[in-house]
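Scroll down for the structure; my scribbles are underneath it.
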Amino acid sequence: MKKTSKLGRSRRDFLKSAAATAAFAAVGGLARTARGQSNEPIKIGQPTILSGRVARLGESSRDGAQMAIDAFNAAGGLNGRKLQLVTRDSKGRPDEAARVVRELINTDKCQIILDSEASSAAFAVQEVIRQTGTLCMHACSETTSLTANPKIRAANAFRCARQDIHDSIAGGRYAAQFVKQQGFKRWMICSPDYAYGRDVSALFFHFLKESEPSVEVVSETWPKLFAPDYTENITKILQTKPQALYSALYGGDLVTFIDQGNLYGLFDQLTLFDPNMADYTTLEAVKKLPKGIHSGDRYLSTFPNTKANADWAAEYQKKFNVPPINWSWQNYVGMTFIIEAMKKTGSVDSKALSDAIRGMTIDSPFGVDGKITMRAEDQTIINYAIGWGVIIPNAPYLEDIKPADWNVILELEKDWKKKKGYI
Amino acid sequence: MSRALKLELREIDVSYGASQILFGVSIEIEKGATMALLGRNGAGKTTTFRAIAGLVAPSAGQILLNAKAINGLSPYRIARAGIGYVPEDRQVFPEHSVEDNLRIAKKPGAHRQVYWNLQRIYEVFPTLYSIRQRAAGRLSGGEQQMLVIARALMGNPELILLDEPSEGLAPIMVQQIARLLLRLREMGVTIVLAEQNLHFCQTVATHVTIIDKGQIVLRDKAENLERDAEITRRYLAV
Amino acid sequence: MNLPALLDCVSSSSCVVTQVSTGLIIGMLLFLVASGLTLIFGVLGVINFTHGSFYMLGAYFSLTAYRVTGSYFDAVIAGALGVAVFGVVFERLFISPVYNSNVLMQLLVCYAFILILDDVVKIVWGTDFQTMGMPATFALPPIHLFGGFVPPFYVFLTGLTVAAAFSLSVLVNKTRFGKLVRAAAVNRQMLSCLGVNTSLLYAAVFGLGSLLAGAAGALAAPVRSMSPEMGFSILIESFIVTVIGGMGSIIGAFFAAVLVGIIRAFGSIGYPLFTDGLMFAFMALVLLVKPTGLFGRKLA
Amino acid sequence: MALSGCLVVIALALTLDNPQFADFVLRLSIFGLYALSLNLLVGYAGLVSFGHAMFFGFGAYAFGLLMQTGLVSIPLAFVVSIAGAAVLAVSVGALCIRLKDIYFGILTLAFQMLLHAVILSWVSLTGGDQGLQGGIPRPPFLGVDLGNPKQFFVLACVFFFGLVLLVRQMVESPFGYSLRMVRDNPERALALGLSVQRYKLAAFVISGTIAANAGVLMSLYVSGAYPNFAYWTLSGDGILMIMLGGMTVFLGPIAGAGIFLMLNGIITRTTEYSGLVMGIVLLCVVLGLRRGVLDFVFERCGPWAVRRLSREG
Amino acid sequence: MQGRLTIKRLTKRFGGVAAADNVNLDFAPGSLTAIIGPNGAGKTTLFNLIAGRLKPDAGEVWLSGENVVGLPEVEIVRRGLSRAFQIASLFPQFTVEQALAAAVHARWRQSHSILRRFPLPSARARAREVLELVGLEAVAGQASQQLSHGDQKLLDIALALALEPRVLLLDEPTAGMGREARWQMIEKVHNLWSQQSLTLIFIEHDIDIVFQIAQSVRVLHYGKVLAEGSPREVRGNPAVIEAYLGATSASVPV
């Protein structure tokens, strides 16, 4: 209740202090005119990264969200009001992300935040919207604690992205089968030295060992994020001679790692498990894909192997002239949840939308059975497609995909949360 | 050194920031002359040289070399126009060997003439030949002084500016430098030297100019200096 | 910290061979970038903070050349020369006006260009990371050496860098150009008074330094994915190398690069989570004990 | 005069109740204070530090961590973090001031990056790259509730103006003049009996401590602390701010921080090529105003500004 | 012993060159002594050694009965020795009054005071006194860098005087001045000396000035004491003349 009044108040104050605001806004090079509210577009603020090494994250997030918005607007919008996406670069810096979100809410009058920040900035965004009460959809952060930890979770914040824990349970289970078949006992970790890399690696082995206690992590190596050179890590792996290697590297780092590893014939000597390999940009960039890498899917037009998914990918490709990637579908789905909630409530009120989204199930090409659910208890999505398979050099890139069993995921997740004291 | 050379300073003023050092200094040097610019510490000798060499721009007046204005040109252009400069503190390249110091300075003269090469330099400066591999920073003061004079010659200049070549040298070295300058004078090199040491100037110079507080107070031939004893004592010595 | 692992490694010859060769490989590319940085600082007195961006440009130039010509050799030449030309233009237009300014001004010009070049790369080559792929010539299995592995491409890279270091040292110590360069580093004004066009010399030195950065970028292209801001981590590392070796000392840069490579190679075994911290700590230590670096000239 | 300025800003912000304006004022307080503290070092003491973010980051983390323990009150956490920053500044400063010029700068940079590496590596304490998560609690103290945005705003403004006045007093005190002497002519200062090294150290410590204050304010503002608070980019931004605003006028750094924040705001709002535009703007400032501003600042305007300031005092 | 400066066997070498070579000198309290010698004789180095800026290779410097060799420069200043420099060493942006007040603060150990505004009234009053003493009242409000050369030199001396020294070292107080200005300057210096009960030691090139005011003269040459005595004695010394005009033996024709 407090939150709604806050939103209302800021709107009234905007009119009350229009002159002063205009004066200030002029300084900021921003021209605004007060207009009637009825056909004013509904603004959705999207803080993201548009510069530097992961600018691709921002671009594909924007494209994914835009695709959903365009469809909705073409169908008439919300009682004639169109949606408008306002995307801003935060450079991935948490304090800058916090500033951008405040600005989007306060100055640009965005009523909804589609947070397309990587993890550390997502936490900063969470702190801002906790204070403002604005509806927030995290569409990129995969760090479990963002929504799973009740101390960090916010009532008005949802996550529409893969989650470390889900990926890791799926990966751990998948790897356990191979351990059974091949007898891989000696494992090693080579993951990026930051929260995501550490968390997802720890979870993977947690669940792998749960099924196969004989597995042993004999050594670890932690390259820096965006490291240009992995030679020291590769030679360390060669020294250790593990049977299998788990790596949470992704994107350009993964490509560099594989290219440099190839020089040493690294992948002839062990089996690599990486949850992030099966993404188009990565697959197309690796010039010499080694045989037999096991990977989780990020986004593939062939998984789930449905017409809906293939159509969506084709439409995306046609619209933006690049293939969709993981962040594309996540933002698309995040936006879809928001739109569905608007349709249902006919409102843009944060509280009303939050209530509607909580527990909502939508039709989506990326769900295991064509549906994705926003779980009410921790406001995060489940039932999205997760599968592991073996990488092949050409399209469809991933073969022999074993879809994960969500019943198992949910069960193990629950146990784990209990252990962590989250429930 | 084919043409008749003439360096001319016309009424130049030089200031460093707020303090003016030179006030309307005019000097003329003809080819083949050895002119001594005498004056006490701080009289403006070094500043005059720096102005000629292009290291400081005069705020007024002109500097002409063979009737062409050279003030305002960058130092390397002035050097290429035929002026060799030997600064007061010598400024050898300390880590380079003696020979490298000379090689660095090697260039043809303003009219593409090449008289000075390593061989000729070593003939005139046999001492340098014997120490040619030594790092210039490790030479004695006198050796360094020889080196920088030789270095200036390697550029085949029409005129060399020597700032206090006798300063801080032992008497025996001063003698050697004096002999050297006389030899250069005989070879027809035009020399301008700044000095405090009157006797030294009387030995080597053909002309004398005395500068005091940034103004020229006397211009004369060296042989007439006895006649100017009063003035010299007043402006130079005890 | 994992001291037992470090001890194990040190007592195993194959581990020592592999990690030392690893250190050398890491050090070689670092040296190529750092040598340009140190050369420019030594002569011009400017810390070229855009050096990492030059490395990035070298990689992208060579990528484009490789895609056009299909020849890795051409790609490296294009990367190196392209960046050299860019460096000369950059020096003439943007750095030379601030030679006599406050060091902060030079810093700001460089910083501005880091920002600009990252975005230019983004506009021209796109935000996605790009890869060149290993040229067929080097796509060979690794060589076994005393129980360790060394990839042929790295052997080539190391050989080339050592050759470059050697040529650079000959160039700087034996040729007339080198003598002029070293003289300019000590006393630009006097050199100018000897008739040397030092502005031209400065531009040439800046061009040479840029060439080295560009060459490093081009040489690294087959094994490192490219993306905007890729110059940044290189800049930091080569800056550390430059400071440790002594700013202005090429031989210092060589030893420091190898040293940093070795620290990283063994640090990744002994202190896997603190290798960056190790490098900064080492740099601070060197600065405290000998501010001019291990091989630095004593300042006048 | 300053006091009335403070009151005007607070009153303005409260009556307008414009969140963006308040946000800007808060950020200006934080970065203005940070730039001002850096200028105490660079502008007044002539020590060009490339690692000033070390203290900003330290302040933010120390305060955030203390508050997250839930055991201490805000004033106590504040005092402890500032004292900690002072201790850090004394130890780092004692080492750094032994070096001169660029070497001083590089050594400060090395220590700053060392702190950054520690923050990234010590995950169990600092949260590594994720920073301090879950918000920073703001229990009420002495009748002040910082959880209330208005109260926080007023307190931050008062805090900012208080510190600005303190710094102002400092630069106008005999101590401040001693710093200028050490900057302009250390040899003469020594010959007058001033222990140059001690003054440098004092400047380093005071400046670091004030930067830590800005860091504390920042951690309260964003309700967290992140590794980039202690990263070189923030050190660089500080230098950018004082260069933009001017180093010889007392309020220059604050103006510079304002310009920087506005520029950044405008650029991110209008283009996604923020680096390109920011870079070009910077180039224009550095190369375009080079003769004007630099001469102006360092030669002509210098004595004028000093005179003007001394007349004011 | 207060104000006596005694130098014993002081030696300092730079590379192979001896800038001070076993120098023994004694300056009585309240005396006025000139040090002369050609360029490069080691005069300024001698001052730097006395003031503690340079550490001697060997020898002792006794100031008011205490050997100060090895003490930091600041400590030597605090024991009553101050100096003015050959090239006026000032704080260019300070006004004359500010500079003097700053020096007074330094003398009174108030330079670190943070809570009060610069300058403290007492220091300002004292600065005014020094100003009057040297006669710079008219330019009190001008920035140091805008002063005329002569006034800059005077301010430099005033800064040293503001420290209330017992021993004052002046390095070429008249360097770079016009003829008139020199005499005015030296007259002031002489007056200051006679009013302040100072041990005054100055380096000077203008020999007329030296002979006019110095009680005694020390001649340095190549780091050695070549001669000492009254001006008259020194003036007649052939070794001194040779040192100045250059050795006649140097003019051997080839």
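The letters A, B, C, D and E name the chains in turn, as written, and every chain counts its residues from 1.
The working rule: a residue touches a chain if its C-beta (ideal position, glycine included) is under 8 Å from a C-beta of that chain, and two chains touch if they have at least 3 such contacts.
This one's a predicted model, so the numbers in the text were calculated from it and none came from an experiment.
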item: Contact-graph distance - origin chain B, target chain D; value: 2
item: Any chain in contact with chain B as well as chain C; value: none
item: Taking each chain's C-alpha mean as its centre, the one farthest from chain B; value: A
item: Longest centre-to-centre distance from chain C, chain (CA-based); value: E
item: Distance between chain centroids, defined by C-alpha means - chain A, chain E (Å); value: 75
item: Intercentroid distance (Cα basis), chain E paired with chain B, Å; value: 32
item: CA centroid of chain C to CA centroid of chain E, Å; value: 51
item: Intercentroid distance (Cα basis), chain C paired with chain A, Å; value: 36
item: Multi-partner residues of chain D (each touching 2 or more other chains); value: 120, 273-275
item: Per-residue multi-chain contacts in chain C, two or more chains; value: 118-119, 122, 273, 276
item: Per-residue overlap in chain A, given as positions that touch at least 2 other chains; value: 51, 193
item: Touching chain combinations (by label order); value: A-C, A-D, B-C, B-E, C-D, D-E
item: In the complex, chain D residues that touch chain E; value: 169-170, 172-178, 180-181, 184-185, 187-188, 190-195, 199, 202, 302-303, 306-307, 310, 313
item: Chain E residues within the chain B interface of the complex; value: 16-17, 38-40, 145-146, 149, 172, 175-176, 178-179, 205, 207, 235, 240-241, 244-254
item: Residues of chain C that touch chain D when the two form their complex; value: 47, 94, 97-98, 101-105, 107-109, 111-116, 118-120, 122-123, 236, 243, 247, 273-274, 276-277, 280-281, 283-284, 287-288, 291-292
item: Chain D-facing residues of chain A, complex; value: 10, 13, 17, 20-21, 24-25, 27-30, 50-51, 58, 87-91, 93-95, 98-100, 102-103, 105-107, 119-120, 123-124, 127, 130-131, 143, 145, 149, 151-152, 193-195, 198, 225
item: Residue ranges of chain C in contact with chain B within the complex; value: 176, 179-180, 182-183, 186-187, 189-199, 297
